[in-house]
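Presented below is the structure to which this report refers.
Chains here go by letter, A, B, C and D, matching the order in which they are written, and residues are numbered from 1 within each.
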Amino acid sequence: MAETVLETEGLTMRFGGVVAVDNVSLKLKARELRCLIGPNGAGKSTCFKCLCGLLTPTDGRVFLRGEETTGWEPHQIAALGVGIKMQVSSVMDGLSVHENIWMAARRFNDTQAARRKADEVIERLALGPIARTELGRLAHGERQRVELGIVMAADPWLVLLDEPAAGMTADEVARMGEVIREMTRSAAVVIVEHDMQFIRSLASTVTVFHRGRVLMEDHVDRVMSDPVVRDVYLGKRA
Amino acid sequence: MDLAAVILVEVLYAIASLALISAGLAVVFGMMKVINLAHGEFMVLGGYATITAVGLGVNIFIAMLIVAPLVVGLFGLIVERLIFRHLYGRMIDTMLASWGLSLMMIGAFKMIFGNTTTGVSGPIPGFSIGNYQINGYNFFIIIVSVLLLVAMLAVLRGTRAGLVARGAMQRADMASAMGHSPDRIYMLTFAVGSALSGLAGAVLAPLVGLVPTAGAAFIAKAFITVIAGGPSLVAGLASASGFFGLVNQFFSFLVSPVVGDVALLVAAVILLRLLPRGITSRFFRGKL
Amino acid sequence: MRGDARRDTAFILIAGVVLIFFMPLLIDTHVLTLLIAYGMLALSLGLIWGFGGVLCFGQAAFFGLGAYTFAVAGINLGESTLPVILAVLVPAVFALALGAMMFYGRLGDVYLAVITLVVTLILFRWINSTAGPEYTIGVARLGGFNGIPGFPILNVPGRPELMIWGETLYYVAAVSLLVVFLLVTWLLRSSFGRIAVGIRENEERVSLLGFDIRARKTILFAIGAAIAGLAGALYATWAEVVTPTLFSLQQSAEIIIWCIVGGLGTRFGPILGAAALAYLKFALGQQAIIDNMFVLGLVLVLFVLFLPRGLAPELARGWHWLAGSRRRPARRRRAPRAEVSDG
Amino acid sequence: MTLNRRSFLASTAAASGALMMPAIARAQDAIRIGTVLDVSGIFDAYGTPMDMAQRLAVAEINDAGGLLGRPVELISYDTQSDMALYTQYAQRLVRQDNVDVVHGGVLSASREAIRQTLRRANTLYFYNVQYEGGVCDRNIFINGVTPAQQAEVLVPWAMSRSGPRVYILAADYNYGQITARWLQKYIDDNGGEAVGTDFFPLDVSDFGSTIARIQTVAPDLVIAPLVGGAHLSFFRQWAAAGMNERIPLASTTMGVGNEHKVLTPAEGNGMMVAYNYSQELDTPLNNAFKERWVEAYGSTDAIHEIAVSHYMGIHLWAEGVRRAGSAERMAVTEALEDGLSVDGPSGVMTIDPQTHHAILDVHLMEVRDQKMEVVESLSQRPPVDTQAVCNLIENPDDNTQYEIEF
């Protein structure tokens, strides 16, 4: 039986009087692919931020590989071997593609090994031609790809991705799907996503958020055909 | 009892002068998120404008309350057009350019007015509370700064310009959404902020005298007050001035004015460590 | 990359040695020594601001702390070797404490500026009010506004009677600047330096990579303070007096201006900016027609408006143009790169 | 580290320009006086008239044929009220300008900043300003009044006109600190009590809380050795609170920078001071001096006590050179130690060989309508405070500033 890599217990996040995440319990096994979906304001992004340490939950606990990480700093969580990519592309604009990826690899390798690792990731993502270009000069899709490279370079066992496909062309989305599937060979992946097309192509388990709670959790196909979920997405009261 | 009254007046005066010193900076910072490091020199310019006007035979109150704000407001308008308008959105650059401007102004003051202490004598006679004598001018400063805060509140609450300003303080793009050119708003804000700095400098000049480098003493205090005040303009000004003024005077009386100053600075460090977004980020939220 | 590093080091060494022997032909060594102390001070801010993205409004505090430590320790110990070491350590430890307080408190840029500025003011105020006889450290009177005159100046280690001043002090200062420059170069090439640049570029990203940015910024801040402290010790032995004005806002302002004018994100830029502006100030101090504050201010405004990347990148472009290589495309402003071959 | 060619050429040009200027201006065989004074900044009210006075003194010497048949050249630097600039310019004076003597320094802080530098460089130094006393160093001559010459007579006089409870407000640096202790001593000696002592850094300009505090103690007299432009606000705020009509004020510094002419008569009237000089002294030498000053500068407005003592200091040194027949440091020192004296606008001034200080007249004065009216004159007072601790005849290598201890 595969080990549980991510688990939350009654995760709750309140902002003033608003309960953004309400008593959410998730469980993720090693190398599992999981998409978190839901309409705007459903709490999936807030939940994501609680997982990666950007927010400290008001209540409840988070466990990574059995270790409680509630209230940890993002860098401590990342240092466990968790790869994180935020919604807005977050890269080091003034540095080259190689330097960006090298830095990610450097956290878990010495200088030399990090360079080899960076070369390897660049080759896998076909970033070779732009390896020495500054990120600030790249197009949006390329930057997203580099950011995935940054995530991969650390050899994570858990990857947290917030809307990786946003703003990409169909081609790029397809390539992104491949990369993510490749990641699941070594890591569990959590994706927060809007794009149903993309989620369907990943064919994964989906957790549906609604008003801060988990509405249902099942395979994407069954979720998509569920009338309640459809109502939620169409804006009707469930 | 008399002593308590004297101390009360001194504390109120300290609070009022802090609010007065900081008002111009607060307006510019609140609306434009620009720290004008030449603020202190704008104040000194107001002081010089007053002294010059008095020297030319203008009534001292007219010089302080009308001439100085006009002169400095106009000056602010000019430098905004020449320098700052090219730098919006580049916060650090704006700060540095304003620092450069402050050095230029100090240099210019030295060349024009000479590097000596000048001043005018206070226009209000001493005042006695029981057995104690007190500088009557303190009351004038307290009144001016109360009127100033009330006026700011009234403008923000009750006028269309205030509405636009409130919008702009919330979100930079709000004003343009309301059909106003941000360029013009910035220009006017800067001019108004400068005029307030000029007023503050003019009103304080008779008390402390002027040297070209006097601005440095003001800018640090104003900077700290504005940042510690936080997002709300009037409530922030009032609460931060109140807090720092109290701390300052408490230690000034107890030990010495220097310890009072140091206590103010230490209080600022502690306050910002605890409330990095300023007092009004936690208290008085939603107030103006 | 390794070859690059070796070539860069060799180049710095050769250019440095040439300058050390060449500059005295142009400028009096007494003035040059001051320019060197200022250059080192500018380099310290250039390191933490240009490469670490930490804009410190109070770099003068570390400079003053270094100078005062040197003076106070010198009076107590009667020689200068340990005082020099202390002049580096004391500001560094102070910066560690201050940095930890700021960076672990997750303060934004503006707040960082306010805190550093306020701490400098506190130090200035405090040291300015220590004229009374009760303020002594060991046998050294702090002296308040007077400052501390008459402390032992730099001497040959272990030989307090062999004092280093005048021409010799210039060579000692110049070599220490060269050594510090090489250390900074090495630091920037190391992983620590490259990650520091990453932090400047995108703090959140680097922390999401698993690096503790608070600790790293604190350490970088302390390294900058240590260099500023050494510059302070050099200044003290040169000036033969330390006064509270070392802690003044004016001094802090000048350091920032040097960095801007010289060029942020380069190692040589701040030194160049410091030397050029300090010399300009010195030259302007000789005449009374135009006030030097006015000129400094004008220079700052013009640079921010028209040459925000400073002199060094322009000089580098000129150099590459002269050398016939135009491969270097114009860099994006505000994002200077980590390596600089023009340094 | 490379420099581009253009910047290299520019810096060469600038450097050679700077080096050449003084070389051309310098006369070959002149005797050189170097001076460092705050002609700008917050102490300019002291330094600027001193600068005028030294130019007048040097002109007088040169008009009389110079010294030893050589012209006297003045090399003067403006230290801009910045203590750090003092050592910088002092070093330039001795290393680059090779001056024969250095005069100047305004605040005690500036004197202490350069005293050791000049001693190390074997350059004779004259500090011509009233100060807190106690400096014992054979390389320096001081002709300003010391506490024993000034405060010792001022304190009992002021107390006799007010009462025994005295509050002291002093500038927070060595002058103020040491002077405050001397004041306390003289207050005690005369059966009074120092009921409070506050020190103010030189940039403090808001005295509101202090004025309230003084009232809680209700002293009979306030003595205020305050210094500089910022402290001037104290006298203004004191008057603005109406205190000048309630508690009399004495000062060891008020008027030294012509403060009594900046304050209105209403603000200044009644303050008690004691100095070596007043413009109101009606002596032939003073009247002649004022005439020459008016000829050079138009009016006597700028003349103040330390401008005159600076003027006297330069003449003392010049007399020493004449007597020694050389401008060499030791020769001049020995000539001066011979008890040399000169007569000038502030009366006769004689060098005390034991302390290198001066024996001089002191006048008790009261400020009246922006003038210092002499109430009583005490002639030829020796610097007994410094004499008590310093004997350069017995210990020529002494190099300390002694401070009063209780």
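The rule is simple: a contact is a pair of C-beta atoms (placed from the backbone, for glycine too) under 8 Å apart; a residue touches a chain by one contact, two chains touch by 3 or more.
None of the values given here were measured: they were computed from a predicted structure.
**Student:** Following contacts chain by chain, what is the lowest number of steps it takes to reach chain D starting at chain C?
**Tutor:** 1
**Student:** Report the chain whose CA-based centre is farthest from the CA-based centre of chain D.
**Tutor:** A
**Student:** Using mean Cα positions, find the chain sitting nearest the overall protein centre.
**Tutor:** C
**Student:** Per the centroid of Cα atoms for each chain, what is the distance between chain A and chain B, given in Å?
**Tutor:** Result: the chain centres lie 48 Å from each other.
**Student:** Rounded to the nearest whole Å, what is the centre-to-centre distance of chain B and chain C, using the mean of the C-alpha atoms as each centre?
**Tutor:** 33
**Student:** Which whole number of Å gives the spacing of the CA centres of chain A and chain D?
**Tutor:** Computed value for the inter-centroid distance: 75 Å.
**Student:** In whole angstrom, how far does the Cα centroid of chain B sit from the Cα centroid of chain D?
**Tutor:** Roughly 38 Å, centre to centre.
**Student:** Can you list the residues of chain A that touch 2 or more other chains?
**Tutor:** none
**Student:** Return the residues of chain D touching two or more other chains; collapse runs of consecutive numbers into ranges.
**Tutor:** 172, 199, 201, 203
**Student:** In chain B, which residues are in touch with two or more of the other chains?
**Tutor:** In chain B, residues 110, 258 touch at least two other chains, as defined above.
**Student:** Each pair of chains that touch: what are they?
**Tutor:** Chain-chain contacts present: A-C, B-C, B-D, C-D.
**Student:** Touching chain C in the complex: which residues of chain D?
**Tutor:** Touching chain C from chain D are residues 1-7, 11-12, 14-16, 18-19, 21, 78, 82-84, 86-88, 91-92, 95-96, 108-109, 112-117, 172-174, 176-177, 199, 201-203, 403.
**Student:** So in the complex, the part of chain A that touches chain C is made up of which residues?
**Tutor:** On the chain A side, the touching residues are 52, 73-80, 82, 84-86, 90-95, 99-100, 102-104, 106-108, 111, 114, 134, 136-137, 150, 154.
**Student:** Using the touch definition up top, name the residues of chain B that touch chain D in the complex.
**Tutor:** By the definition above, chain B touches chain D via 3, 6-7, 10, 13-14, 110, 115-117, 119, 121-122, 124-128, 131-138, 207-209, 211, 213-214, 217, 249, 252-253, 256-258, 260.
**Student:** Which of the residues in chain D end up touching chain B in this complex?
**Tutor:** Result: residues 40-42, 44-45, 172, 198-201, 203-213, 215-216, 229-230, 232-233, 236-237, 239-243, 246, 262, 264, 267 of chain D touch chain B.
**Student:** Where on chain C does chain D make contact in their complex?
**Tutor:** Where chain C meets chain D, its residues are 12, 15-16, 19, 26-28, 30, 34, 125, 128-129, 131-133, 143-147, 149-150, 166, 181, 239-241, 243, 245-246, 268, 279, 283, 286, 288, 315, 318-319, 322, 342-343.
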